[in-house]
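Below: one structure, written as structure tokens.
Chain IDs A, B, C, D and E follow the sequence of writing; residue 1 opens each chain.
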Amino acid sequence: MPGDSRRIRGPEESRCPLLYALPESPQAPEQARTEPRPLYARAGLLSQAKGSAYIETGGGGGGTKVLSGASGPREAERRDGPGLRGARLVCEFRWAPFARLGPRCGVGTALERELSLALQESLEPAVRLERYPRAQIHVWVLVLEDRGSAFASALSAASLALADAGIEMYDVVVGCALSRGPGGCLLLDPSDRDEGRPKSGGCLTLALMPALNQVCGLLCNGEWTEESLSQAVRLCMEGCHRLYPVLQQCLVRATKRKISVPQSGPA
Amino acid sequence: MAAGFKTVEPLEYYRRFLKENCRPDGRELGEFRPTTVNIGSITTADGSSLVKLGSTTVLCGIKAEFSAPPTDAPNKGYIVPNVDLPSLCSSRFRPGPPGEEAQVASQFIADVIENSQIVLKEDLCIANGKLAWVLYCDIICLDYDGNILDACTCALLGALKNVRLPSVKINEETGLAEVCMKEKSPLKIRKNPVATSFAIFDDTLSLVDPTAEEETLATGTITIVMDEDDRLCVLRKPGGSAISAEKLQTCISRAITRHKEVRKLLDEVIESIQPK
Amino acid sequence: MREPPLSNCEKSFLLKAIREGKRLDGRETYDYRNIKISFGTDYGCCIVELGRTRVLGQVSCELVPPKVNRPTEGIIFFNLELSPMASPAFELGRQSELLIKLNRLLERCLRNSKCIDTESLCVVAGEKVWQVRVDLHLLNHEGNIIDAASIAAIVALSHFRRHDVSIQGDEVTVYTPEEREPVPLSIHHMPICVSFAFFQQGTYLLVDPSDREERVLDGMLVIAMNKHREICTIQSSGGIMLLKEQVLRCSKIAGVKVTEITELIQKALENDKKIRKEGGKCGFVESMPQQWITAFKVEKAPVDVTDVEEKAEGILSRAEPPAEAVSKPVLWATGTAQIGEGLESSWRDMEEEEGQVEDEDDEGAIDDPTLAVTQNIEMEDISGKEEKKSDVDVVVLSDSEEEEVIILEPEESRIHTRSKHPADSSATKTTAGKKKRKKKFAL
Amino acid sequence: MAWVRLSEAEKVYIAHGVQEDLRQDGRSCEDYRCIEVETDVVSNTSGSARVKLGHTDILVGIKAEMGTPKLERPHEGCVEFFVDCSANAAPEFEGRGGEELGTEIANTLYRMFNNESSLDLKALCISQAEHCWILYVDVLLLECGGNLFDAISIGVKAALFNTRIPKVRILEDEEGSKEIELSDDPYDCIRLNVENVPCIITLSKIGHRHVVDATLQEEACTLASLLVSVTSKGLLTGMKKVGKGSLDPESIFEMIETGKRVGKAVHVSLQEILNKEESLGKQRQKVGFLG
Amino acid sequence: MAGLELLSDQGYRLDGRKAVELRKIQARMGVFAQADGSAYIEQGNTKALAVVYGPHEIRGSRSKALHDRAVVNCQYSMATFSTGERKRRPHGDRKSSEMTLHLKQTFEAAILTQLYPRSQIDIYVQILQADGGNYCACVNAATLAIMDAGIPMRDYVCACSTGFIEDTPLVDLCYVEEAAGGPQLALALLPKSEQIALLEMNSRLHEDHLEKVLDAASKACRDVYAVLDRVVRDHVQEVCTLLGE
């Protein structure tokens, strides 16, 4: 019965105006796409976090904007459990309340919790946790605007933030998403419109360590045949490989900025 | 050497600077950090703005939804401001429900809205007693380097100026709302409150726009919110060292100047994104 | 803070006294401490003192939709708070076992025994009912919280008056106390809890244990009863084994105690009613013994307010007027502007660089052997695109602000521009639009 | 016990066994343990099932309750999953200790059922935007012996098969006000089509090979596993990597293939048991926990 | 109260029982292999499962340990589908917490805790299907589970609920009888010494009738005892045969 006094509360119930919107003109037919949308990445922009990264993807009328921060290693809060031999990686993934079209998202939804866990399990293989016994490393990801493939960008952003924080890693984790339209065509790096299409055949998000060619995260729903799924996994891996150099460059640049060497290229 | 001195005796370190009438980051006592405003970048929100004060970065996004008006005021809508200080922005904040500082900031913003009448709640009513807009103003701090109250107020104002609400008609037959997303109109902004914060050092010196470090070392803070008619909307002085009336008056004068600056800044930005 | 444990010597002293049928405060075995009931100025507010155990009761109510499975019944909610004010042993905000036990006992004693007619709280069946909320705060803890709380709850409920309502069609009108006299709740009976403490495996029995006695007891039995000798709740607790005879004996005693207490409550209620009717003073202040409050005797400190205005005027006139000169904002890009300059911050260099859009697909950077040349690539190829754009002149959305942001590096740029050109030409179209967007969001 | 700790030697022993296609309990890599399924074990639910898979013991209860459809989907009913990891299964789960695992499993179930064909949600709608059935699928974890996801998904399918929702008629009087009438005949009911309800197959990577239906000990030596949800027709309705390890791409393709093959086999035998139980009807002796 | 006739003129109840007749009790010990002790009980349609872990080292902070006896730790939880209307949470609400507390009190009194200083005994009970007398079914199931775990007790703890309608005590109430709102009393008894481990009563009962109801309840508890004793003896015999002794 007692309500939440820690937030300023609005009315008990509110509805999204989009539900009452007049029907719009039909959307443009989808096309198969095997190239990821352009991506902008920047590491080391937050002043307070030890490591941070910002990724923006997509074009025209807004893109997916993801901000990530990492801190640690610091002393572990929980001393029990299996975390003694290596560090505990704690991940938090969430959407800003206004990040998506449609109704305002609440805090701590089931999906956020699931993706936080998936983020953690996808980053764990890449981080050399055994180097930091009895420690914990925090990674936060905040989606400022979701125009599709937010979780894939979150994966990349989080691993950039970890690298920027100087945490030892085997490789940078690159995330890439794919959706399958009802017609069966595969769309790499879908926009929110593609993802939200009714009867879309399914979505797949894959996390890859490109240098080691190891898949460290895989999350998929929808209906697939074995062949289409294998095809989708392959496409996603290709997508990851294409994004990899951008992330590398971004890290190199961030490092340079940090050591504040005047801009003299390694060449 | 200087770094070591700073770690061991942070207060003394600051005092040496202040004696020379400047601050470690090179500013004068009455100087703001560079303020950058970016409006309308979050397309999923109905209105948004990003404000940077030096490193401090605050993002405000506004979502408008429908609800029945409150029973005790059938001709009003709702404005629901919440300030979120995630652990992303500073290691001092724990994850989980809003902590003390976030609650205080949320309440402060709510007070600013209430006192300044920035937007009249009556303007948000669509159909008396039936339907009204709820403006969820979510302010998220992305980087915490002091003086978030100023940044939050500015971000809120910027975002409110950016809000475009779709036109709504009530269908006579079904009694349901019909929304036309194509026809959008801006909100009527009645007042432009701008906040100016000061940190009080050693009971006498007042520094404008304190960084996080300065805030922790200061003996008190004071925040003044002015509107364009040079009226005080909120004056917040949560304890700390006392301040003389003369000093307060100087602060208010500075706040008036600041208001003009920020007003101009916001106008310019809004102008630049106006569809031509 | 944990309560400091009772020393063995204290314990044995207490137990010995109990064995001899003596109590520290001089009571007999079956005696209650003094009960004092006082009322606040508002209806439904009271303080019950049992010895020095004090409980504040406050009743409030509001209109809510009823529970789905009981559309014609009002809702009653009880909440007892144990604040650290009452005893340092209580922590704020934690649901301790004791608190759960007490709250459930209250619920069972008052709600399950149906002492309040919940159906009379229904306004419109299935739509609006009164929700009555009884908040109880323990102000001081000196043992036997439950008895004091149950008395406070029933007293507060009997004292409470709710707003009157009328229904006309669908419209429900709630009248303020000025418009219509508020109505009392309909109370069927008054259950009151009586606590028994057992010592030495049930050999000794005390009524109304004080806090010290509570700390040496082996087990408790709480019996709630009304003056008609109807048992409303029995609850044994603590790890003792009782026998049937003991329970029956306790229920006999409880009957007597409840009759006494009920009389006292009724007297207090009537007394309050009389005072209110006569327009006498009521409220907690009236019930406070004057001699304890010394603050009333202090004379008022004189505050001189005569020349305040002149002083203020003086300050205002002496104060510096606000500066007229205002710095001019710099517009970086559409939707982004800045005032103030200089000063390095970690976010700041972003703006300078933000033109650096990396479009690896467009550049075909993957196959580019010069990948190692990183830092400057983006700037240069933008310049390349810039040139390109003016050449090809495809979709130019708004190009005016872009130049301000991009920092060109003339020496190296030409080399790269050349190297990038073949890959660029196909992608220029997208880039132009993209770059503009990037600038909108100056992260 | 939700998990066990193994010494390095034990881990090596298990890994070597898997390499030789001979596991601790004598199974080969693609063998399941014996699965016991019994439906209709809790009489006050719309459908229920108990699944025992080795030491893993699951009870699934489904309750159909009337509610309003979601705003964005006015023509559909909904399904809500809840997994209670009770303290019975492991003392660590006491209080709120089981919540984390519970939500993880529930989220996975949501993901695997998040498609058009798994369940016909339109059949659960009573009247558009006003009334629909909400199926509460509540899973109670009573004992953990490894491979929770598979056992739970089998239990969910069996319970959905067992679910009977009373038929509803909407009576409309002259004034247009609607009234809902529930049929009181217990045989007059809707049954759900479970043909496309998926089962989750967990493939645990141990050493260079992967096994299905890992025991607790085997789970302790698994670094990464892949959950694949498969329908009886061999369609894949979801996939998820769990655990702290990573997988190489080739093994993912192999795992998908194995998952599909094993999944189809599991569906066949499950359907067989369910049909057999159904055909016995009332004569079937209910065993429950007493057997 | 109104509407339903809980006791017919012929002295039969809704489900055809007589006033002092118990529902059918079926029970089994040793249901699970991983726990130290476990038991399952059906009392009519009320089904409960109890699991015991321990005695073992104190879990969590050591400051909870008692130097002279074992800590008894309980949790009462109801499956979300156990009730007629779906429950939102299996445990953690006020009623379940109270029930947890009562179970703890009951078994602290009955278990010889002083034999296991500085250790902990966990008793977890789960209601699978609720049809009245939840507390009692839990106590009975927990008694069996504790015995299965081999933890010594003073005596069996047998519990039974009793109502009172038309001057007649009714034992072992089912859900409909409980929901009618008449007085109800739950009693946990140690049958040999007739000691009361826990007594709880709700709603209104005139003091004069208390003795009558208490007597009926303790008689019912002794009946429960007879059944439980049979179950334990059968179980032991079965285990012995299995071991080949």
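Heads up, the rule we're going with is that contacts are C-beta pairs under 8 Å (C-beta built on N, C-alpha and C of every residue); 3 or more make two chains touch, one makes a residue touch a chain.
Just so it is clear, the structure is predicted and the values come from calculations on it, not from any experiment.
Counted as hops between touching chains, the shortest connection from chain A to chain B is 1. Set against the Cα centre of chain C, the chain with the most distant centre is D. Central chain (C-alpha centroid nearest the global protein C-alpha centroid): C. With centres computed as the average of Cα coordinates, no chain lies farther from chain A than E. One inter-chain figure worth recording: chain A and chain D are separated by 29 Å, centre to centre, where each centre is the mean of the chain's CA atoms.
Spacing of chain B relative to chain D, judged by their CA centroids, is 49 angstrom.
If you average the Cα atoms of chain D and of chain E, the two centres end up 31 Å apart. Computed centre separation for the pair chain A/chain C is 36 angstrom, with centres defined by C-alpha atoms.
Contact of a single residue of chain D with at least two other chains is seen at no position.
Shared interface positions of chain B, defined as residues touching 2 or more other chains, are 41-42, 55, 143, 145.
Across the assembly, chain A contributes 15, 45-47, 62, 65, 67 as residues in contact with two or more other chains. Chain C contributes residues 311-312, 315-316, 318-323, 326-329, 331-332, 334-343, 345-348, 351, 401, 440-443 to its touches with chain B in the complex.
Residues of chain C that touch chain E in their complex: 69, 95, 97, 100-101, 103-104, 107-108, 112-114, 189, 221, 225-226, 228-244, 247-248, 251-252, 255.
The touching residues of chain E, counted against chain C in their complex, run 85, 94-95, 97-98, 101, 105, 108-109, 181, 183, 185, 190, 193-208, 210-211, 214-215, 218.
Of all the residues in chain A, the ones that touch chain B in their complex are 4, 6-11, 13-18, 20-22, 24, 45-49, 61-62, 65, 67-69, 71, 92, 94, 96-101, 103-104, 138, 140, 142, 144-147.
Residues of chain D touching chain A in their complex: 71-72, 103-104, 106-108, 110-112, 114-117, 224, 226, 234-249, 252-253, 256-257, 260.
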